[in-house]
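Each of the two complexes below includes chain A, the first together with chain B, the second together with chain C.
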Partner chain A sequence: MKKWGEIGLGVVTSIGGFLEVGSIATSVQGGANFGFRLAWALALGTICLAILMEMTGRLAAVSGRSYVDLLREHMGIRFFIIPLVAVIVPSFLVLVSEIGGVAIGLQMATGIAFRWWAIPIALVGWALLWRGTFSLVEQGTALLGLVSIVFLVGALKLHPQWSAVGAGLLPTAPSHDGAKYWYLAVSILGASISPYLYLFYSAGALEDDWNIEYLAVNRVTAGVGNLFGGGLALMVLVCAAVVFLPRHIEVDAYEQIALVLATPLGRTGFALFLITLCITCFGATVEISLSGAYLFAQGFGWPWSENLRPSQDSRFATTYSLLILLASVPIAFGADPLKLTNISMVLSAASLPVTVIPLLALMNDRRVMTSHANGWLGNTALVLISLLALVLFVAAIPLQILGGG
Partner chain B sequence: MRKLPLLVPDFAMSRLRGWRDGRRPTPLAVAALLSVTACARQDLKSELDRTRSWTATTGLAADRRSANAINGAVARQIADRATQARSKVQQSLIELAETDSERTAARVVLDSLDEGLAHLRMIAP
Partner chain C sequence: MKDGLDLRHDVQDAQLVDRRHENIGRCDALLLELRENAPPRIAAMLIGGPARSERIGRWMTALRRLVPGHTRAPEGGVSRIPFAAVRSIGNTIELDVLRDDLPSEHLEQWLARNVICRIPGAESKKESKS
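Right, the complex of A and B next:
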């Protein structure tokens, strides 16, 4: 019974924590520019994320150690510097974008310029990290994030052509603006498969004391939670496709995105959109700060846990404090949150190979995984994800230049 | 030869000057010129599309504000963003529009954005 409760909570937190600034912005831009035709990118990204989360969760539950910890031990500290830099740079930019997302939501609610909100948001996030426990940080923000179900309500109210939505799940070549189409596809994939997501999940499994008995919880949480979370992101794309595409509105600013739910749901939809933006971006802000601190602490062998007092893991606590406070600076100086979001999503996509490919080796190491190593199905999936990661690595930056406009 | 709207690579220009002197242009020079001209057309189209997008946004924002579906702050922020976008595209439209019909098209889309902005500012002062 306790297990079922944990599964339920895991699924619910996965749904509530799925949307954030990147998935909202890229889904809206995809829908506004190409209707339902980029739905396949969301589906592909969600499937890849579910597989990576299941594997990093399984790795943590079986070995009792996080993916980053094992990565450093198996590959050596010199190799570890590559994923460290490749993950921390885009993650930091995503963190800046998330703070920007909360700030722009508060600007739209109050009329006070977003730059004034950056430092207060960082301080509130820092206080939550400093005083809170892992459960509070993860489950608290994710449960509040369930408000994002409003996108499902909005999509149902807009009566889209569901057959066309279904057709969008199959990749098709664009009829116009090829560079922009592929750029948005890469952005959507980058938003869906950000490395911080599965690194955070792996560390979270240890924070929650998962062991071998939690493999079923892990499988259902990663699979079902992401399935529904990805479904919500699809509803964002559907809303944007129905509201913006017929009006030929291209999304260049967050203020335009605010209209997406105000159209089907009126004032309530507008208010819930602002709440969704603020809560989901705030949740992601604290999670990315923690994820960055996990990366450093696990990589360099420092004591770490969000459940410890800061005095017991001072380097870990100092790292997340610095990350969240530094990330507020660009927004305080007026950096454009939407442009930052787009750039950070593309860089996230480009950084995937350095964390995905080593996972293949670890998931087949029977000294670590014992009888729970990958089978042929898991390996095939991971090889395909690795190939996709390599394609994204090669294509992401040129597409940012050609299609990012 | 008509003045080119964008910077053309030096090697292409020197080849084309040679053409006027009676020499045949190399395929590379022709390709470079065509691609630059195509880019200019593409840029003009994308700037016109962007302007139309902001016109549509101001229209939708005015409609939603009239229905009290969005607050005045967001309506004003959209008007400010559209004004910023207008000042950015105006200069590039002047530079990119080469023919009279292109200049007329640019004028029309800018005028309709101005109308949309005026309407939105009236609803959300």
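Right, the complex of A and C next:
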């Protein structure tokens, strides 16, 4: 019985945790520019994320160790320094963008310029990390994040041509603006497959004391949770396609994005959009800060746990504190949150190979995985994701230059 | 099949814990002792930033020198633990030492004393896991 409760909670956490500044912004831009045609990128990204989460979760449940811990031990410090930098740099930029997302939401709600909100947001997030336990941080924000279901309501009210949405799930070559199309595809993939998500998930499995009996919980959480989460992101894209595409509106500010819900649901929709934006971005803010602290602590072997008192793991607590406070600085100086979001999604996509490819070695190491190592299906999937990661690594930055901005 | 230690796989970079099973860093380097008329043997494990930097490369050592305060740590912030202190080797390596005695824990202790414990709530958090 207890297990089913945990499965439910896990699924809710994945749904609530899926939407954040990157997936909202990139889905809206995708829908506004190309209608339903980029739906496949969202579907592909969601499937990849679900697979990576299932594997890093399984790794943690079977070995009792996090992915980062094993990465350092098996690859050595000389290699480990590469994923460390390749993950922390884009994650930090995503963190800045998330704080920007909350700040923009509050600006639209109150009329007070977003830059003034940056430091208060960081302080509230920091206080939650400082005082809260892991389950409070993870589940609290995710439960509130369920408000994002409003995108499903919005999409249903807009009566899109569902057959066309379905057709968008199959990749097609663009009829116009090729560079922009592929750039947005990369951004959507980067927003869906965020390294901080699966690193957080694997650390979270240990925070929640998962063991080998949790393999089913892990599979359902990663699979069903992400399916629904990705489904909601698809609804964002659908709303944007119906609202923006026929009116030829180019989305270049968050203020416009609110229209995706204000059009079908009026003032209530506008308010719910702001609430969703603030809550989901705030949830991501604390998760990314924690994820960064896990990365350093596990890589260098420090004591770590969100359930310990800060005095018991002072380097860990210092790391998340510095991350969240420093990330508020660019926003406080007025950096453009949407531009930052776009750049960080592309960088995040480019960073994937260094965390995806080593997973292939670990998931097949029977000393670590015993009888739960990857089968041929898992390995095929992981090889394909690795190839996708390499393509993104090569193509992301050139596409940002050609198709972005 | 396992009748020896694979140093690179089982020891180097492994998570180290102290007598109370608290994390005390990773095996950042291994020291071999060269003896006359006898085969070399492992003398010690090194834990700490400087030992790690040397393995990463010269650029990292140079970068590290730029960080202020690194010289104030006892022994330069490196713990040198004799291999005889190894109690068990498994998922982690348990060493017969205490976290508070290690020079490599200098930063952890300094932060706890001078920063973390000066902020309200550092000691009182919720139900503790351990």
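Keep in mind that, in the parts below, the second predicted complex is superposed on the first by the 405 of 405 C-alpha atoms of A that agree within 3 Å, B and C clash if a C-alpha of one lies under 4 Å from a C-alpha of the other, contacts with A are read in each partner's own complex, and residues count from 1 in each chain.
Keep this in mind: a contact is a pair of C-beta atoms (placed from the backbone, for glycine too) under 8 Å apart; a residue touches a chain by one contact, two chains touch by 3 or more.
Keep in mind that what you see is a predicted model, and the values were worked out from it rather than measured.
Trainee: Assess the superposed three-chain arrangement around chain A: do chain B and chain C clash, or do they fit?
Mentor: Fit - chain B and chain C, as placed by superposing on chain A, sit side by side.
Trainee: Applying the touch criterion given at the start, work out whether A:78 contacts chain B, chain C, both or neither, answering first, second, both or neither.
Mentor: second
Trainee: Is A:109 in contact with chain B, with chain C, with both, or with neither (first, second, both, neither)?
Mentor: The answer is first: A:109 touches chain B but not chain C.
Trainee: Could you tell me if A:308 is touching chain B, chain C, both of them or neither one (first, second, both, neither)?
Mentor: Only chain C; A:308 stays clear of chain B.
Trainee: Have a look at where A:49 lands relative to chain B and chain C in the superposition and call it first, second, both or neither.
Mentor: It touches nothing on chain B or chain C.
Trainee: By the touch definition at the top of the document, which applies to A:267: first (chain B), second (chain C), both, or neither?
Mentor: A:267: touches chain B, not chain C.
Trainee: Which holds for A:252: it touches chain B only (first), chain C only (second), both, or neither?
Mentor: A:252 contacts chain B only, not chain C.
Trainee: Quick one: is A:158 in contact with chain B, with chain C, with both, or with neither? Answer first, second, both or neither.
Mentor: neither
Trainee: In the overlay, work out which of chain B or chain C sits against more residues of chain A.
Mentor: Touched residues of chain A are more numerous for C.
Trainee: Rounded to the nearest Å, state the minimum C-alpha distance from chain B to chain C in the superposed three-chain model.
Mentor: Shortest inter-chain C-alpha distance (chain B to chain C): 37 Å.
Trainee: Where on chain A do the contacts from chain B and from chain C line up?
Mentor: Chain A residues touching both partners: none found.
Trainee: Residues of chain A touching chain B in their complex?
Mentor: Answer in residue numbers: 107-111, 243, 247-250, 252-253, 255-256, 258-259, 262-263, 266-267, 269-270, 405.
Trainee: Under the touch definition given earlier, write down the residues of chain C that touch chain A in their complex.
Mentor: Where chain C meets chain A, its residues are 8-9, 12-16, 22-26, 28, 47, 52, 55-57, 60, 91, 107-109, 111-112, 115-117, 119, 121-130.
Trainee: Under the touch definition given earlier, write down the residues of chain A that touch chain C in their complex.
Mentor: That would be residues 63-65, 69, 72-74, 76-78, 80-81, 130-133, 300-305, 307-312, 314-315, 317-318 of chain A.
Trainee: Per the contact definition, I'd like the list of chain B residues that touch chain A in the complex.
Mentor: Chain B residues touching chain A: 46, 49-50, 52-54, 56-57, 59-61, 64, 67-74, 76-78, 81, 85.
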